[in-house]
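What follows is subunit A paired twice: with subunit B in the first complex and subunit C in the second.
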Partner chain A sequence: MAERPEDLNLPNAVITRIIKEALPDGVSISKEARSAISRAASVFVLYATSCANNFAMKGKRKTLNASDVLSAMEEMEFQRFVTPLKEALEAYRREQKGKKEASEQKKKDKDKKTDSEEQDKGRDEDNDEDEERLEEEEQNEEEEVDN
Partner chain B sequence: MAALAAGKGAFREEEGTGGDAAAPQLHAPTSAPGARLSRLPLARVKALVKADPDVTLAGQEAIFILARAAELFVETIAKDAYCCAQQGKRKTLQRRDLDNAIEAVDEFAFLEGTLD
Partner chain C sequence: MADVVVGKEKCGEQRLVSLPLSRIRVIMKSSPEVSSINQEALVLTAKATELFVQYLATYSYRHGSGKEKKALTYSDLSDTAEESETFQFLADILPKKILASKYLKTLKEKREEEEEEENDNDEESDGDGAES
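So, the complex of A and B:
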């Protein structure tokens, strides 16, 4: 399925919600206007990406990072977005940190569990030790999130 | 005579189905209050970023900020378009209000010619 970049639209429901919350109560929006805004948002992302990419290339980096996007906002004359975006970024980083710690904690708990289970089984049976070792190895495989 | 089931207008947009090529909306809005940092699904934003042939990679933070910036943009342009509608004493935002806002506001110049 070949899609033109402009056809990649953001979800209508979300766009509508954002618009409604930005406008005073009692104000509605026509379908044409809403879909035009949705398309505009896609164009905005594409334009911002291109701008941000220029900054990344200037810095001889191949990966777009947050500061590239912030620089792009200034370049595009959306300086007023910079402060709220910085705040959002900090909140996001805190959340990501919290998630990472939570999943590491889960892993630790999991390992503790398998250890204690092993001890229980050892008392009852001596035969299945090899199988248990294999299972443990499988559990220790880490999942990597690729970007 | 065959009844035209298509109804009036060129095409009908239904909320939630997202059009032809878009993936169905599998994400319901998260129920955790305050934890929602961005409403736009990052996967969709990422797809837009990847559509740029010059972009090699984009970090998660970059995608997140782009999503948030897009939200701010939608709010901004909606409000600016509303100012135009207010002058016409209307309570429904029309496409022409958007066009007027794009012409009037310098920051929206990049949109000219892209919405048709």
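So, the complex of A and C:
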């Protein structure tokens, strides 16, 4: 699959916002500087991925996981990122757990409802299908093996 | 692609991460040896990239000459890439800029040096070269 050059770039609007939020108020950023940072960010992703992949291969795994990324940060001398990343990971896991429990609960409720209320079935099914699709997509991403 | 900015991100990461996961994924997948990426690794890489952008911007601003003008310029960034060990890996994509006239002068000097060397070599070799 051939990627067009712009696909390897990150959206300008988001990059600009992150920069502005990091710098003190009133500091201006030249267009060149912004574009340079965006390119640097893409290179960072590549470098981090390659590094993380080395750790995965050492562990005889084909799938990059969270600990590979954390190890890569240390290797690249960005130890300062490790703590905030670990916090983000915890938050993400809690969120995922919450979602899973919520959708399981919904299913239970739905089963109870279907017995008694056929009318609401249509409405609820749409919501459930969205969440199921999201979960399936997550699982697919973990399992897929590309060539 | 509806993945620009915050908002309709898969799995509700919009609160944790602003960069679009699908785009991060494309970049990661372009790396040759990588076969698959678990969702957590993707989220962490996106988050790390945000931290990186913040760090690069603030570091370059603090150490750069644009500070007096309250501006972040390209040269602040290329200075960082050259001078900081942490950001060395960016040196190739953030080269320093020099004036065209300076560059041409350097080229000329280089060429003159090379010509001198060739002349020396010719003198040293035995008189096979045609000299008339």
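The rule we apply is simple: the second predicted complex is superposed on the first by the 112 of 147 C-alpha atoms of A that agree within 3 Å, B and C clash if a C-alpha of one lies under 4 Å from a C-alpha of the other, contacts with A are read in each partner's own complex, and residues count from 1 in each chain.
By definition in this document, a residue touches a chain if its C-beta (ideal position, glycine included) is under 8 Å from a C-beta of that chain, and two chains touch if they have at least 3 such contacts.
Since this is a predicted model, take the numbers as computed values, not measurements.
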When subunit B and subunit C are modelled together on subunit A, clash or fit: clash
Which of subunit B and subunit C A:T49 touches, first, second, both or neither: both
Touched partner set for A:L89, first subunit B, second subunit C, both or neither: both
Which superposed partner A:K99 touches (first subunit B, second subunit C, both, neither): second
Touching partner for A:I19 - first (subunit B), second (subunit C), both, neither: both
First, second, both or neither for A:A41, with subunit B first and subunit C second: both
Contact residues common to both interfaces of subunit A (with subunit B and with subunit C): 3, 7-8, 10-11, 13-15, 17-19, 21-23, 26-30, 32-33, 36-37, 39-50, 52-53, 62-66, 68-70, 73, 76-78, 81, 84-85, 88-89, 91-93, 95-96
Touching residues (chain side subunit A, partner subunit B) in the complex: 1, 3, 5-19, 21-24, 26-33, 35-37, 39-50, 52-53, 62-66, 68-70, 73, 76-78, 81, 84-85, 88-89, 91-93, 95-96, 147
Residues of subunit C touching subunit A in the complex: 4-6, 10-13, 16-20, 23-24, 26-31, 33-45, 47-58, 60-61, 70-74, 76-78, 85-86, 89-90, 93-94
Subunit C contact footprint on subunit A (complex, rising order): 3, 7-8, 10-11, 13-15, 17-19, 21-23, 26-30, 32-33, 36-37, 39-50, 52-53, 57, 62-66, 68-70, 73, 76-78, 80-81, 84-85, 88-89, 91-93, 95-96, 99, 134, 137-138, 141-146
Complex contact set, residues of subunit B against subunit A: 13, 15-16, 18-19, 21-22, 25, 35, 37-41, 44-45, 47-49, 51-52, 54-62, 64-66, 68-79, 81-82, 85, 91-95, 97-98, 106-108, 110-111, 114-115
